[in-house]
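What follows is subunit A paired twice: with subunit B in the first complex and subunit C in the second.
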Partner chain A sequence: MPDSVIEIARLSRAFGTKKALDDVSLSVPRGSVFGLVGENGAGKSTLIKHILGLWRAQAGTVSVFGADPVLQPAAVLRRIGYLSEQPDLADWMRVDELLRYTSAFYPNWDPAYAESLRAQFGLDPRARVATLSKGQRAKLGLLAAQAHRPDLLLLDEPSSGLDPIVRRDILEAIIRAVADDGRTVLFSSHLLDEVERVSDHLAMLHQGRLILCAPLDQIKARHSRVVLRFATPQARPPAMTGAVFLNGGDRHWTAICDSSRIAAPIAFGAMGASIVEESPASLDEIFLAHAG
Partner chain B sequence: MPESLRLNPSTGTPLYLQLVERLKHAIATGAIKAGDQLPSVRKMAEELLINPNTVVRAYRDLEHEGILDLRHGSGVFVRDSVVSRSRLMNKAEPVVRSAIDRLESFDLSEEEIRRLFENDLAHRRTARQSRKRHA
Partner chain C sequence: MRSPTAALAWEIWSRSRTAVWAVVVMTAFGFAQGGITASPFTELVGMLSFVLLFGVFNDTELPIRRLTLPVSSLQLVAVPMALGVVSIELLYLLWTLPRGDSTPSLLMAVLFGVFMLCFQAATWTLASFGLVRIAAIGALGIVFLAIGILSSNERSTAVLIAGAGAAAIFAAWTFVGRVRSHGGRAASFPLRAIEVPAIGGSIAPFESPAGAQAWLEWRRGGATLPLLVGGLLLAIAPFAWGVRANAPVSIRLLTLTLAMPLIVAIPVGVAFSKPRFWSDDLSVPDSLAVQPLDSSEWVAIKMRVAAKAAAMSWLLVLAFVALWLPLWFDAAALRQIWPGWIKASMLGGAGVFVTWRLLVVRLWAGLSGSRRLYFASGVSAVFVPIAALIFDDDIRELFADPGRLDLLFWTLSILAAIKYAIAARLWLSSGGVHRSRVLGIWLAGSIYLTGLSGWQYGWRGLPIVFALLLAPITRLLAAPLTLARNRHRP
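Take a look at the complex of A and B:
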């Protein structure tokens, strides 16, 4: 049993007839950066709300630091730093007031660290929260989420709609969290580029189901982009398990192959195609191949 | 240095491999010299915005290839022997030049020649990988 921070087993959740989460099981290893990807509505935020204990599991179990976040919210939340896409910050407070207010909830709040982050982010302590730009708000949310040096940093679409400079601050915060003292980060994003940059584990949700969940290295090593030449022109290449044709026409087609499900040279040889080129697939392509 | 090391996730090539290639290139061209100290894992990860484990993996690969020296506690250094690699590269240059001269005499375009080289290297790479996998 690996040392894990989050254990989710057979979690399901429906809203009316819509299955938001469908039999999801995963575990998040301590010290990892766990990237959660999927389209809007795939179930990413719903999963995160279960980890925070905001929603009770309809079926299955959720365990965070070995505790049930619904039954023991204080014990769990104290060790979590959470940033949502639209941080819920008291608009009428000033930046310094908000930080003092937030610090009261966390016995481990580190005022010196909070101050160094504030200076680094260029936030004016006397500015009203209501007057901050979207980017400054995100930075303030990020500061408030990590000044108590949480064991688990939970970021729900943290960089959505932000400019590259603020996105960089967020990615740096993720890297620092794991590099400093082996803290754990779980973050959701639909920007696969940034997920590939900073994650070492990856979970892909599609329509509430977990379609891929493994160390990123393994996912990358398993998938390849294969350009094929068929002996005869194909209107559509034949369907086959483990290979998804992304584009092409006539004799030339590009497929994304999952080597755990298909031995590409043999399978393509059998249907009269030869491999022209084989190269690593990007996460975007891998996602399209699995979610298509 | 980080500018020239900029990595691109969307090409599909694993980031640790991109970092290995970029560092080798920087050493071959003399941008990084023998005896130079490279940034710590944490610093490199923050500069390049990549997972620290990715940097560790690239540094370890380069250590196995005899290019880097990871001295516990004191940092990451480019080995002196690497200089002989760049001397080798200098020796190899005329070989490449005469090969390309011959290919051009077949009336192949620059793009075609590049493709021939890349295809051959890619084949060797996959052959090596599948050998490794079956080993």
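Take a look at the complex of A and C:
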């Protein structure tokens, strides 16, 4: 059994002249909570659709549980729970009908667990899906994605546009999934505080390219925020190998540094700059620095 | 565009400008040719232009955006209705004026105008009813057609019909007003509570994924055919009672009733071939695409649902006929048709197979996600039978000419050979379960139809008939591949 649930190698996809994914390679370890971040149009949903087998790779390969999701959709999808930003649920069904219908596809469906989630989410089993609010639809989608205790839970912007209570439910679902041994969660989000709270691995996409992919602790450990003072005024941002982002003017500049590239203090000293303050960079700052 | 009326009219035009231009071109062609009765071809084009015009005004629901426009409910309703009536009357005049030998009928003009009003009122007020709306519009069409054929006093009927038009305007106006003031269709419309009956409504778990998917397919579109057939039978019943003393009309009505599942299966089959019956979007929705079900199994389920729909529709028709014939069918007519009951029973069996065939033969195009393929398939489904009826004389001439018949034979033979070659290739690439089921059913049905054809018309040339009947199996074998292509987009 491979240690990675998802293996993506050199995946590329273009829509016309626009490159939605450009040579993306990543590996999602079993049992991890893998956060996928990036600005709108960065390629997060496209990547998730490739993992689901809804898009065929134009170049590169996608392997989920060691199988190609396009060639063996039934075998792969049986082990996945999927929730998208706008759950595409049949409006004409009742809540209980939707659950009954969905349960038929998953041999591991746990009726008791489904019922406990339904009660927890406050969903009326006789209510039509069409009459549910956006938050209730998200909860129903989450229930349907989770009740078969999938090996891989895929959440595509699950909490986008939802109130804090529903967002909390979604985060709890992720935590619950992790609590079950060996289950893996991959979720994309704009909300970096959410990602920071629950993820242990992070991948950052920017304009279709994977610019960062590592365990979250490692990413945070190697990025720092450094306030610099130069001896002479700097008319333009000084070129520094270790800094991924620079902001400021005159003698005072703030840099977000990636220590994996260069030992920043040595580099700054060589340029005639002294470090005024150094602190860990927040995920927001790291994201903005890389997506700049 | 300063006035709301102009803006509303512009919206209708811009939404369907291609169809509007097509109607204009067709009508200009018909006018130049000398009107709708100039030739079978102009007749076909004329019919198509009327269908397209109704398509232009097929405003499936009132979008919320339009309900929030700062115009009165009356204006919101009156603008599309007035445009619809003016357009249909103009179209009727342009198609009938050039004939010269007779003037346009007042009753027909009123019928067209009022049917347009009722059509629009039904599309809005029954927007959330899906199947019921289609059945209601179909029944309305039959009623208007029957009035046009049976009416003896043109003027008084026209006045009565015009009254129905006023009622349609009032109903639509009231409905829109209520939706706006109460804040939603669901809350304001009491009929919303009526639902299409659930098949297998209990909440017991499904035995298999295929069972669950079959339930979904049935609820979403499979039930349409039996529901429509049932609705039309209800509409036919009073006419059957009305003409019970008239043997020729009764026999014609009986023939129409027996042909009805086949006729209705043509448009229903076009819609059924799509991933979502009621949607214009041909892509496979994510919620279905992520179900752990193989594409070939999905196609097999759709075919099973189609078989259930065909069988149920014919059962309804047979039950209706079984009541009609002994209870109120004209006795003289019954004596006239009774000797042919064996043949009729055999044809009934063929009817079930052909109905199923009409429901499934376009799956490959509908599931492909290609609009062009789907459109071409749909147009051919609806207009090839109409063209065959209209060009009946030309077809007979063709069959009487051995030279042209030979050419047709060889052309068809080459096409059939190509199809079989493709079928052989698809056979190797399609899933085992799917191909064995399809081949079994298709083979049995084709043998049955061939046998029937031999019994009716003699056994000469039967292998050719069999080869032609069997050839569309290529399309069925292609369906899982086109679905997989749509599901896993390249």
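Side notes on the structure shown:
Assume the second predicted complex is superposed on the first by the 287 of 292 C-alpha atoms of A that agree within 3 Å, B and C clash if a C-alpha of one lies under 4 Å from a C-alpha of the other, contacts with A are read in each partner's own complex, and residues count from 1 in each chain.
Definition applied: contacts are C-beta pairs under 8 Å (C-beta built on N, C-alpha and C of every residue); 3 or more make two chains touch, one makes a residue touch a chain.
The structure presented is a predicted model; accordingly, all values stated were derived computationally and were not measured.
The superposition on subunit A brings subunit B alongside subunit C with room for both.
When both complexes are overlaid on chain A, the residue A:G53 reaches subunit C alone and has no touch with subunit B.
Of the two partner chains placed around the shared chain by superposition, neither subunit B nor subunit C is touched by A:S160. After overlaying the two complexes on the shared chain, residue contacts for A:A90 are found with subunit C alone; subunit B is out of touch. When the shared chain is aligned, subunit B comes close enough to touch A:E277, but subunit C does not. In the superposition on chain A, A:D217 contacts subunit B only, with no contact to subunit C. Using CA centres, the angle subtended at subunit A by subunit B and subunit C is 150 degrees, rounded to a multiple of 10. Using the contact criterion defined above for the overlaid structures, shared-chain residue A:S199 touches subunit B, although it does not reach subunit C. In the overlay built on the shared chain, the residue A:S12 is in contact with neither subunit B nor subunit C. In the superposition on chain A, A:T254 makes contact with neither subunit B nor subunit C. Subunit B and subunit C never share a C-alpha pair closer than 27 Å once the two structures are laid over each other. Comparing the two interfaces of subunit A, the one with subunit B and the one with subunit C have no residue in common. Remark: subunit A residues 33, 168, 171-172, 175-176, 178-180, 192-194, 196-200, 217, 220-221, 225, 277-285 touch subunit B in the complex.
Partner subunit C is touched in their complex by these residues of subunit A: 52-56, 58, 70, 73-78, 80, 82, 84, 87-90, 92, 96-97, 100-106, 111, 130-131. Residues 7, 9-15, 41-42, 45-46, 49-54, 119, 122, 126 of subunit B are the ones touching subunit A in the complex. Those residues of subunit C that touch subunit A in the complex are listed here as 130, 186, 203-209, 211-213, 215-216, 219-220, 285-287, 289-295, 297, 487-490.
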